[in-house]
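Following are the structures in question.
Next, two complexes with chain A in common: one pairs it with chain B, the other with chain C.
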Partner chain A sequence: MSPYDEKIKAEEVKAEMLKAYPTKVARKRARQIILNEVQAGDVVPEIKANTRTIPGIITMRGCSYAGCKGVVLGPTRDIVHITHGPIGCSFYSWLTRRNQTRPEKATDANYMPYALSTDMQEEQIIFGGEKKLKQAIDEAVALFNPKAIGIYATCPVGLIGDDVHAVAREMEEKYPHINIFGFSCEGYKGVSQSAGHHIANNKVFTDVVGLTHNRKPGKFVVNLLGEYNIGGDAFEIDRIFEKCGITVQATFSGNSVYEEFISAHMADLNMVMCHRSINYMADMMEKKYGIPWFKVNFIGAESTAKSLRKLADYYGDKELTARIETVIAEEMPAVKIVQDEIKPRCEGKIAMMFVGGSRAHHYQDLFNEIGMKTVSAGYEFAHRDDYEGRKVLPSIEVDADTRNIEELTVQPDPQSYKARLDETRKTTLAAKGMALNDYEGMMAQMDNGSLVIDDLNHHEAEVLIEKYHPDIFCAGVKEKYVVQKYGIPMKQLHSYDYGGPYAGFKGAVNFYKEIDRMINTKIWGMIKAPWDIHPQVVAKYGWE
Partner chain B sequence: MLLRHTPKEIVERSALTVNPAKTCQPIGAMYAALGIHKCLPHSHGSQGCCAYHRSALTRHYKEPVMAGTSSFTEGASVFGGQANLLEAIQNIFTIYQPDVIAVHTTCLSETIGDDISQITGKAQEEGKIPAGKYVIRASTPSYVGSHVTGFANMVKGMVEVFSGASDEKEDQINVIPGFVEPSDMAEVKRITREMGIQAVAFPDTSEVLNTPQTGRYEMYPKGGTTIPELKSTGRSRHTLALGQLASGPAAKLLDAKCKVPCTLLNLPIGLRNTDIFIETLRQVTGASVPEALRLERGQLLDVITDMHQYFYGKKVALAGDPDHLVALTQFLKDLDMDVRHVLTGTPGKKFVNRIAEITGPNVNAYEAKDMLYFHQLIKNEPVDLILGNTYAKYIARDEDIPLVRTGFPIYDRIGHQYFPLFGYQGGLRFLERILNALMDRQDRDAPEETFELVM
Partner chain C sequence: MRTLEAKPEKPAFAATQNPCKLCAPLGASLVFRGVENTVGLLHGSQGCSTYIRRYMISHFKEPVDIASSNFSEETAVFGGGENLKTALENVIAQYHPQMIGVASTCLSETIGEDVEKILREFRAAHSTGTLPELLNVSTPSYKGTHMDGFHATVLAITKHLARRSGRQKTISIFPGLISPEDMRYLKQVTRDFDVAAVMLPDYSETLDGGAWDTYHLISPGGTPVAVLREMGSHAASLEFATTLAPEKSAGAYLEQQFEVPHMRMDLPIGVTASDRLFETLSLITGQAVPGVYQTARGRLLDAYADAHKHVFGVPVAIYGEEDWVIALAGFAAEIGMVAVVCASGGHSGQLRSRLLERLPKTIAKTAEILEDVDFSEIEEAARKRQPELLVGNSKGYALARKLDIPLVRVGFPVHDRIGGQRLLHLGVTRVPSVCLTSGSML
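Moving on to the complex of A and B:
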């Protein structure tokens, strides 16, 4: 289709989506379903994001607890996570996110296979649950004696007035060798998981980061923020870094340990993968410790190479630059072989993706590498800056739901603040086109006429599938089998369908092969039985 | 070791649950509601509850699981969720057009005291419920009972709204299959059909959560108990409630409300409990047992006698839900297996006695305990076989004990959607799975000289 036709089609699809809605719903959704149009200076249309999901709408979104305990803190293996609430929240966040972890020794702490809960009963709802929480902490200490304990508040906790922070302080006095901290991440906070990310970032920043000052050995020491090691992505990134001679001080939070968090401020630089879930941390560490950050994307071989070169530019070290170029040169041929084999079978096919706060952007790069185009994409819980770029931050309206999430005021630390870059270096980097502390957002990269949809819901997904017949659709487990019933392959980009890694060079190869398998399998052509293809039967008896 | 921090020594805990052997009420209510034809479950609480329940059910069934949510924010949590629920009801009927919305509560809406009967009444008054459409409801606070309680409460909610008392009885019975798989619900219907009995099975998730691939997505699949069927339950002559915990409350309500007498039975798992189920069907309806079922019974019995040596004396540990555990324990005892540990996270003191009645006092039976405790019991007294859900695989791997997956959730294998555990054929398949697990283990571990060709 010509770009003109594409635009008409997108407009028709949008109208079709809105048609089914009551007026109030249609009005709100119209501002969240946007036809992309990139103008000079990467100016894109405004999209409504990070606002409430309308009650009754079948949404993909989850809650603040899921964002806090499930996403940000969950992947850390040696913090004991206690969920304070009725049993469900702890049960559902028990190992379901596939954050891989690899303790070095058989005796090292690994609490990830354990789900801890106060299993609140009616008695605690009526008389308060702090006593039970304290007792639970005693019992957790007796069982595990960990370095750190996180307490996660679920919906009823805030309502009945339990103070998880006061309990944390009290129990820390009792167990001075254990860092105990609470998260007010009740499920009703904010409008999605996103609120939970922010709450998690705040507490880790105030109570964990900066407690010790151990810098790992190495010339180039960086943090990787917003990489949660689903399917082993962080392992592949670590492999590449090691080859390049880069030391990872801390990853937030895939395959991470507490010791790395507490000295994370000793790094030279923060590289941000998932902008949505961790940009607060990057921002606060820059203000308090003077650590600059930039956005990276290790999803896609070309994107990985680009991110590594960005790192080389940042340091401006000849040896590092040369080494990075050598690594890229070493890794790329294996990628190209698979790319060349698979591309002819995938070229021109169309994809859609609706996930998270960054994956719906990152994975477009991977699809591009095998000639596939993303005609529609959107995030589940992102904010306007993830779509339109951080340049829109000052113009984002702060509504009541956002105001309820604490925004920390951060000052430079008198002891530990150290500007990593002087003004001259900053100017040089800017001249080279290095965007520090910035993210351009998803829309600037997408074609004109593509449909960008925030908080896509079930009805809209159905319209998209029926109107576009995409060759592949990417979202989460709740959407997986809806899409596949249509006879269209569906790739989960949260859990990776229990595969991966898809990051880095090896991950790209895995992904190309996976998409080729999914799109080109014979099975989609076998849905119709022979008697449905040719329903007319002439003969009376088969053997006549 | 994955569970490397689990100590062998048991220290009783009173406040901390580690690795739960239950989950919360709303998921059971959501599952039950999916067993009504053209019903959309609705979670009155934060979005996360709905997302978690849908994800868990989807992982277990590998099928679409649709449900709405009231999407509470901080404002709704403070001022009450009435506006959210009213808006949700209107939006759902307009956009998704179900025949029934089945609203269940959450710990959040229960804690703030939302009265969903009053709110759905208001929706009715305001004309938000179209003619011929229904909103049913269940109060399912997550801080009481377990997922099984939530299932029972929603089934009770179906009786509350749909079942009407009538002096005109129909020649039919009700069967409430319990918190079991779609395949089990289908098996209940097949058995009654084989016997020529007119039966209403509710709820019924068969052909809802095991639908075929047709290239067309149906938001409301073919399966599920229909509204006319549900309405007719008050005119049935009898109710068989399978599983005391999951089906008992609805059956008792049908008796009280519509004077439909009920019989509470164990789940028809294994020889003895299937015998009791079929004998009760015969007694209640006067139907005779057809040749087809006699054949199936004989085949199950035949395999038990043929393979008895592989079952005899084998030590088993079971974790799961009470209704299942009672029936499974009976089956295992009838195979002369040695039931060592039986544990559920669902609270209820009666459970321990019911297990002991089957096994005798020499058993570790526990209610309201967790999987860490279960693991510790196994460490202290090892077993030959574990029956439990997917989470038991971490224990099975660490302790190197074969696991046969039973119960909920099963995230890592298929089969439960399609092949029943109920009935003689379900028993037969279950035996096959147990034998495969035990005999594969024997083959793996046998010294070369006793590696058997024929077993």
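Moving on to the complex of A and C:
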């Protein structure tokens, strides 16, 4: 299709989506379904994002508790997580995100297999649940004696007036050797998991980061932010870093431990994978400690190479640069072999992805590498800056839902602030095109005429599928079987369908193979029975 | 640990560690999937709907839409009436359902929402058009488990819809939380008995459908609302739940209200319990047990004999919903296994007495019977009693790993194996998977 036709088609699809809605809903959705058009200076159209889903419209989004406990803190194996609330919230966030973790020794603490809940009963709802929460903390201490305990508030907690922070303080006095902190991440706060990310970032920043000052040995010491080790992604990234001679001081928070968080401010640099869930941390660490950050993407072999080269540029160290180039040269041939084999079968096919706060951007690179095009994409819980780039930050409207989430004011730390780069170095880097503390967003990278849709719902997914017949659709498990009912393969990019890793060089190979298998399977072709396709066959041979 | 024998003032543990129960609106949502053209709507924050959808989808591997009234912080403080009305309007506009089932969440319960009143206002405001049935069920998870939510919803639907107009040669079946495959089996059985049966819920198609060639907004299948209205005229009702208090039982309600004879029995797992089902159906219909089932019964006994040398005397730990634990323990006893731990996260207060009735005295007397427990307490009991096999849902896999014994996955949720929704537990036709797999796992 020519770009011109593509645009007309996208317009038609959008109109079709909106047709089904009452006027008010249609008006709101029209601002969240955008035809992409990239102009000079990467200027893209405005998209409405991070606004409340309309009641009764079935959304992919989860709650603030899910973003806080489930996403950001959940992958840390040696913090004991106690959910303060009725049983369901804790049950549903119990080992469901497939974050992998690998304790170094068998005796190392790993609380990931546990779901701890105060399992609120009517008595607590009526008379308050702080007492039970304290008991739960006592029990957790007796059982595990952990270094840290996180308390996560669910919806009823705020309403009955339980103060998780006061309980945390009181219990910390009782157990001075344990860092105990609470999160007011009641599910009704904010419009999606995103609020929970912010709440988690804030608390970890104020109560955890900076407590000790142990820098790991190594010349190049960095943090990786927003990498959650789904399907073992972090293990592959670690493997590559190790080969390059890069030390990871802390990962937020795939395969992470508490000990790493408390000294995270000792790193030279923050590399940000998932911008949405962790940009607050990067931003606050920059302000308080002078650690610059830049956006990386380890999804896709080319993107991995690009990110590594960015790192080499940042340090400007000859030896590191040479080493990184050697690693890329070593890793690429194996990737190429598979790429060359698979690409002819996938070339020209189309993909769609609706997931997360960054994955829908990251995975476009991977699909590109095997010749596939993303005609429509969107996020589940992102903000405008994830779409349009951080340049729009000052112009983002703050609505009631956002106002409820605390925005911390951060000052340089008198002791620990240390600018990592001097002005001349900054200028050199800028001249090289390195965007520090910035993210250009997803839209700038997408073709003109592609459809960018925020908070996609069922109805719209159906229209997309009917109109575009994509060769593959990527989202989460909630959408999986809806899409497959249409006979279209569906790849989960939250849990990876129990596959992975997909990051780095080896991950790219895994992904190419997976996509090849999925779009070239014969299963979907069998949905219509032969007698539905050629009814005359029956007529001809039927006996009278 | 809280056992029913010695009930300490307060349980040793205040917190729950690795729960052996799910939350009430999940049970409600399952039941709503079993009524034709029905959409479930949870009154509360969207997180509950999303979590519950995800959980159901990962087990059933089918689309599951559950709407939410999507509370914000303001709603949480000032009440969610307007949100609920908007949600109803949007669900009606998108799905054109025949019924919308509104279940509460902990949040709306905590603020004491009067959902009935909101629905009345909504009906009044829409008195000109035709509205779908709007049904409300209270499902606070701080008062009950997913099974409480399940039964409460079955009862609410029955109360809302059932009427009497004469007597029909039809039976109602309240099967409880069984698999879609189990449901199809029950339907086959009643067909073979030549008796019309109405199942509530019936998610045999909605939660285990085939590939579609056109998309359906609401998965096809489920018992039609119109059919459910006739429940008051049925000839009898069967209920596979013996721990359910009469005031919570839809069958008891039909009996009391419309004089529909109510027969309750254990879930028909294994020969003895299935015999009971077949006898009851014979009694109601006046028909002999169809030949296929007699043959199948013989074949099952033959399988028992084959498995016997592997399973006899094997100590087994069983956990899950109370009615499941009773049925599975009974089945285990039948094939010669010894249930040494029988545990549930539910707390009807009936588990012990029902097991005493159901199990051989020697087994029942010595078994650790635990109500209202989590997996840490089950582990403690298991360490004491050293079972060689674990039977229950997928959530016991960590325990199985710790104890280094096999886990036979049954019931709900089974999300870490393919085909959890297609497990057949009931009846005699196919050897219940638990027998076969236990035999080969040991």
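In the analysis below, the second predicted complex is superposed on the first by the 536 of 544 C-alpha atoms of A that agree within 3 Å, B and C clash if a C-alpha of one lies under 4 Å from a C-alpha of the other, contacts with A are read in each partner's own complex, and residues count from 1 in each chain.
The rule we apply is simple: a contact is a pair of C-beta atoms (placed from the backbone, for glycine too) under 8 Å apart; a residue touches a chain by one contact, two chains touch by 3 or more.
Quantities reported herein were computed from a predicted structural model and do not represent experimental measurements.
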{"item": "Clash or fit, chain B versus chain C on superposed chain A", "value": "clash"}
{"item": "Which superposed partner A:L159 touches (first chain B, second chain C, both, neither)", "value": "both"}
{"item": "Touching partner for A:Y92 - first (chain B), second (chain C), both, neither", "value": "both"}
{"item": "Contacts of A:F144 with chain B and chain C, given as first, second, both or neither", "value": "first"}
{"item": "Partner chain(s) touched by A:K478 [first = chain B, second = chain C, both, neither]", "value": "both"}
{"item": "Touched partner set for A:A109, first chain B, second chain C, both or neither", "value": "first"}
{"item": "First, second, both or neither for A:G316, with chain B first and chain C second", "value": "neither"}
{"item": "Residues of chain A that lie at the interface with chain B and also at the interface with chain C", "value": "20-22, 25, 52-66, 82, 85-94, 96, 113-122, 124-125, 132, 135-136, 139-140, 143, 154-156, 158-160, 186-189, 191, 400-401, 404, 458-459, 462, 465, 476-478, 480-482, 484-487, 527-528"}
{"item": "Parts of chain A lying in touch with chain B, wherever the complex brings them together", "value": "20-22, 25, 52-66, 82, 85-96, 106-107, 109-111, 113-122, 124-125, 132-136, 138-140, 142-144, 154-156, 158-160, 186-192, 400-401, 404, 458-459, 462, 465, 476-478, 480-487, 527-528"}
{"item": "Touch list for chain C against partner chain A, complex", "value": "13-19, 21-26, 41, 44-55, 57-58, 61-77, 83-84, 86-91, 93-94, 105-107, 109-111, 140-143, 145, 211-213, 215-217, 374, 398"}
{"item": "Residue ranges of chain A in contact with chain C within the complex", "value": "20-22, 25, 52-66, 82, 85-94, 96, 113-122, 124-125, 132, 135-136, 139-140, 143, 154-156, 158-160, 186-189, 191, 400-401, 404, 458-459, 462, 465, 476-478, 480-482, 484-487, 527-528, 532"}
{"item": "Interface residues, chain B side, partner chain A - complex", "value": "1-5, 7, 11, 13-20, 22-24, 26-27, 42, 45-49, 51-56, 58-59, 62-77, 84-85, 87-92, 94-96, 106-108, 110-112, 141-144, 146, 211, 213-219, 345, 372, 391, 394"}
